[in-house]
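Dropping the structures in below, format is structure tokens.
Heads up, the next two complexes both have chain A, just with different partners, chain B and then chain C.
Presenting the complex of A and B:
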């Protein structure tokens, strides 16, 4: 297992470098000029002068050839330095260090809540297949998930703040266990829960017809034990995969919720700095995202053997 | 299948993982705690007599995630609050009157080419040290240099001897700005400018303490303005905390501010990009000032007084590019302009009927406003005649036109209305509306560009210099390189006339008439120059704004909730 993990990690290095080059090149050649945009975004009597812009580029070292700039970026990158933001002049390391933990908190908390609520509901729906419980759970989940977060977030907020007057606008971030986190977490959880309910329900329906479940029931094993000991693990295997992908998605891109509720996470950073074509920030966020995808995929792979020993055998190449 | 022992182990691991996550989450609070809680607009504190009094907190917001709070940038949404913490050389009030600030005396020589400014002997920074002439010189050299990326420096320092060289990064110092002694600055201009002193009356070029803001290399010190670096400022307030990741900046009273003791204790500026949130927070009393959309919902929630309408100088609309097809054809431009009903534009722009029908007169609301100015009429028949006389009498010959600057729902509505008029009258269908814009040049060059220009000094010649003259941003970029030698010559002559010389206005009007006859703009808007009070809630008193988009005399602002 150790060798397997090491091999996987070594593969990451060229992949991340290649990705960095592609994203840097896309931003450099295609996405626009951050210096120009800095001035174009200002309306009215701004000093937009081509010679001046050239001078600014020269001062910031942005007039050098692509390979020279990218080479310098990689040189800093291998030393753990993600560079400086073109627009703000801030250290990208500092920006990521401040925002990534917030996104991780939201991502992990969302996944835990989705799992804690979604899996039992999915099992319940599966066990009562095509009955009113199943229809209610599935229908409600799909209905809630069908409303986009950019609609449900502001609507709920206006309703609760101005309509009912039960809370202040939950703008900003005071930590996961603050009142301000309740509404964004609600939007995050209920935006994602239908997937887990459906996945779990499908898994339950599949294993219900398995011989070992019928055998267990025939032997008089209590229903709760049948669920916990015989059904849960095979059902959870694909669910864990989905939860892992969900976590990646949330950490990398809870853009709308972070933007609407003013949460200082990676999503907000992504949208604000992509808009300004600040390529050191764009590349850094992409690398963090890619690293996260790789790490979480590895984590999910490592989790599989606990849920299904056959997966572990396949991974290590050891057969019984 | 897992054994019973391994199953327990798995559950134990999962429980341990959850516990770790919860502990980490609980420990990981916000990156930086601000001193001011949004929920406490009027925190109670005791005065000297032990009586309870409200702490004066002004909670403002900007619709942009501001990352750079240097007072040397000359742009950005956060610059709307620059007057709170950065003192300008002088300032112009909402009526156009000039007031001393850091400079309390100014004298030109006879031919208006050399100006001498004296610094108020009481003017000090937040650390108690004097503001010196050397700081002024260093600051102006710094903002002229491209490395500082000041976005409007040409408006203020163009014409100063040596400015162009520093502006283009070829020199570090302007020989035209020198410190004669600790409190005297002398500025030498390349030509006469009777209003130079008014041009520099802005917070956007206020002096900063050179020893703090400028490094040994002559460039700006990175993040010198951040409280973590103990910045020194000159305005009535000074930054106490800046959390760039959360977008919250807190200012407190500058104990050494020399003009008056500010009435507010604390000013917070929060970046809130979602307009629904801004409207909701204002309506819920969680903010005192903001920039919500001027739409029916916001008007209903915030009251119509919030969006008060005051007449202000300026010109705004869709400007036509005379240097690309098809708008290089004057008859084509005439046809487009005549086909648009300005009354409809006004109705679409102002659902509640406030404001005025746009006329497209650059000198509107200025001392030189022309009483004989006749706006272009809405005349579909004349429009069709003009189109027939153009090189594009067949709509199939009209190349695709890009309408740029269509960046808000309101503007999009106007653009759609115009495009529909042109489709119905002329059969023109190839129109692309562009909210995003990243180049004035190349194939994506717009035929029509929505923008505007105002003027900081209420003066006709300066208004035209900043809008119609070929050196202005509007002419060079928005109008795609508009340059009429006759218009330029009239403006150039006008700006050399004394402020009270009737020729200054007469020449300006003449330039305006020439421009008007060239069918260069489809005016939009309502004539409202934004709120003169700065979009504040009723309990905020003393706010006034000038044409510089600055809060005037912010030390006079205070909060008072009136019980109804």
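Presenting the complex of A and C:
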């Protein structure tokens, strides 16, 4: 097991390096001159003397060749330093530390809520296969899964604030347990719940015809115990693998939701700071996004054998 | 099978007979799925509008009427007008054109790239396979919207500078239209996001189909590879591929709008639903009709794609549990 985790982590390193290099190169060669942009922003025009620009560039080490700058960046990265924002002059670590907790709260709360609501609904649908409960749940899940969050969020705002008048304008962030968090959280959960419902339902349908479920029922085990003791584990195993897929959706959703509701998280930071072509910030956020997805996929793969011991034996490499 | 003599020809005939039945069965199953049939209607309408949009719209999408700015829906302007007095309904119809063309082109690009990479990985195996799988893993670990933002912000300036230079050299006004730069960036970002899915699907299909007994039997009987491909591998891989393409097409349209919503998509003056939604969001409290029109349209189309995709999946992959 330990060896497996180690191998997976080694497998990431070239991936992260490649990503870092591609994004850094894109920003380095394509993004335009950050110094010029900084001047444009602060002084309104670019009628500066070139010498002053060169001096600043030299001072920040931006005149050196690409590989040197990239090498230095990676060296700092290894030691946990994400560099300095060229435009604001602040440390990227600080900027991320200030915004990441909000995004993580939203992400984790979304996963918990989706699991708490989605799994019971999926089980309910599966147990009433092809009855009206099943059709209603599956139909709504299919309906929900189609609508993108940049449509749901604004439409709900119009409906709740202007139509029903039950809400003030939800803009900004007062913490996860405040009223302002209700609508953003709803949109986040709305965006990812369908996949869990459908996966759980499919799992239940598969397990229903298993001999051990029939035996348990024949022995007179109460239905609730049949569900909890005999069905939940085999049903949850594939559901856990879907979590990895869900995370990408959650990151994408968070970028949109943070923009719609003005929440100061990583998504907002991405949108706000990338317009300044501040490449340390762009590269850092990109790497964090990719790292999160990889780490969560690994976590999913590690928990898998606990849910399904058969998978532990088969776990020899990285497969489809 | 019991009474049949096992010869190569009867095997082929059998395959042909079952193949035509497969498609008929799939069509029948699709027609029986009520949601899928309902979903087809808006999608057909969308393609129709995208094709004939300019002749259908009551106004030009750029025509400004300063006497009717920010009007609520009325008889002259069915869905109202925006801050420049442009007809929202006409702009939505033109937006269909953006969505469909971006969806089709980017799906075609990523499908071709995915087909090539996936077949290379599936057929050559070994190091090529490992490399392709690794590349797809790396690409897929990037959240799509972040990727699009990075691409747009870094490549837009140099591409525009390059176009400007081409214009100065050739004096061809074609190079003056920055619209093409936006479109190229959006196509590129979408293709980059979507090719790994197709590549992995095709690789998986090739690996699984070529080890099936009927392919092994055909090979044992001496059937040439090209015929094995056209008779067995391609028809059997078709079902999942059609499902994936239909989902990918809808997904590309959603992403295109998401890019525009975040400001990294196709820029004005070409209308895009995502851009219209994000513009509407600025004035949603006073003029909600600017937001409602494109948002409802987007919702109808995406739900239709979800329903059709689900129906196609059930119809073409009958072995899968529903």
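The definition used in the following text is that the second predicted complex is superposed on the first by the 248 of 320 C-alpha atoms of A that agree within 3 Å, B and C clash if a C-alpha of one lies under 4 Å from a C-alpha of the other, contacts with A are read in each partner's own complex, and residues count from 1 in each chain.
Following the convention adopted for this analysis, a residue touches a chain if its C-beta (ideal position, glycine included) is under 8 Å from a C-beta of that chain, and two chains touch if they have at least 3 such contacts.
This one's a predicted model, so the numbers in the text were calculated from it and none came from an experiment.
Of the two partner chains placed by the overlay, chain B and chain C both lie in contact with A:260.
Applying the stated contact rule after C-alpha superposition, one finds that A:306 touches chain B and leaves chain C untouched.
Judged by the touch definition given at the top, the superposed model places A:80 against neither chain B nor chain C.
Contacts of A:162 after superposition: both chain B and chain C are touched. Looking at the shared chain after the overlay, A:154 reaches both chain B and chain C.
Judged by the touch definition given at the top, the superposed model places A:270 against chain C, while chain B stays out of reach.
In the superposed pair of complexes, A:19 makes contact with chain C only, with no contact to chain B. Of the two partner chains placed around the shared chain by superposition, chain C is the only one that A:286 touches, whereas chain B remains out of contact. Counting contacts as defined above, chain A residues 32, 154, 157-158, 161-162, 169, 259-260 meet chain B in one complex and chain C in the other. Of all residues in chain A, those touching chain C in their complex are 11, 14-15, 18-19, 23, 26-27, 29-32, 139, 142-143, 145-148, 150-151, 154-155, 157-158, 161-162, 169, 202, 205-206, 248, 251-252, 255-256, 259-260, 270-271, 274-275, 277, 282, 285-286, 289-290, 293-294, 297, 318, 320. Across the complex, chain B meets chain A through its residues 1-2, 6-7, 10, 13, 18, 21, 24-26, 28-31, 38-39, 65, 67-68, 75-76, 146-147, 149-155, 167-169, 222-223, 244-248, 270-274, 276-277, 280-281, 283-284, 286, 301, 437-440, 451-454, 466, 472-474, 476-477. Interface residues of chain A facing chain B in the complex, by the touch rule stated above, are 32-33, 35-40, 42-49, 51-52, 55-56, 58-60, 85, 87-90, 95, 98-99, 101-102, 105, 108-109, 112, 154, 157-158, 161-162, 168-169, 171-177, 229, 233, 259-262, 264, 268, 272, 306, 309. Residues of chain C that touch chain A in their complex: 35, 133-134, 137-138, 140-147, 149-151, 153-158, 200, 203-204, 250, 254, 257-258, 261-263, 274, 277-278, 280-281, 284-285, 288, 291-292, 295-296, 298-299, 302-307, 310, 321-322.
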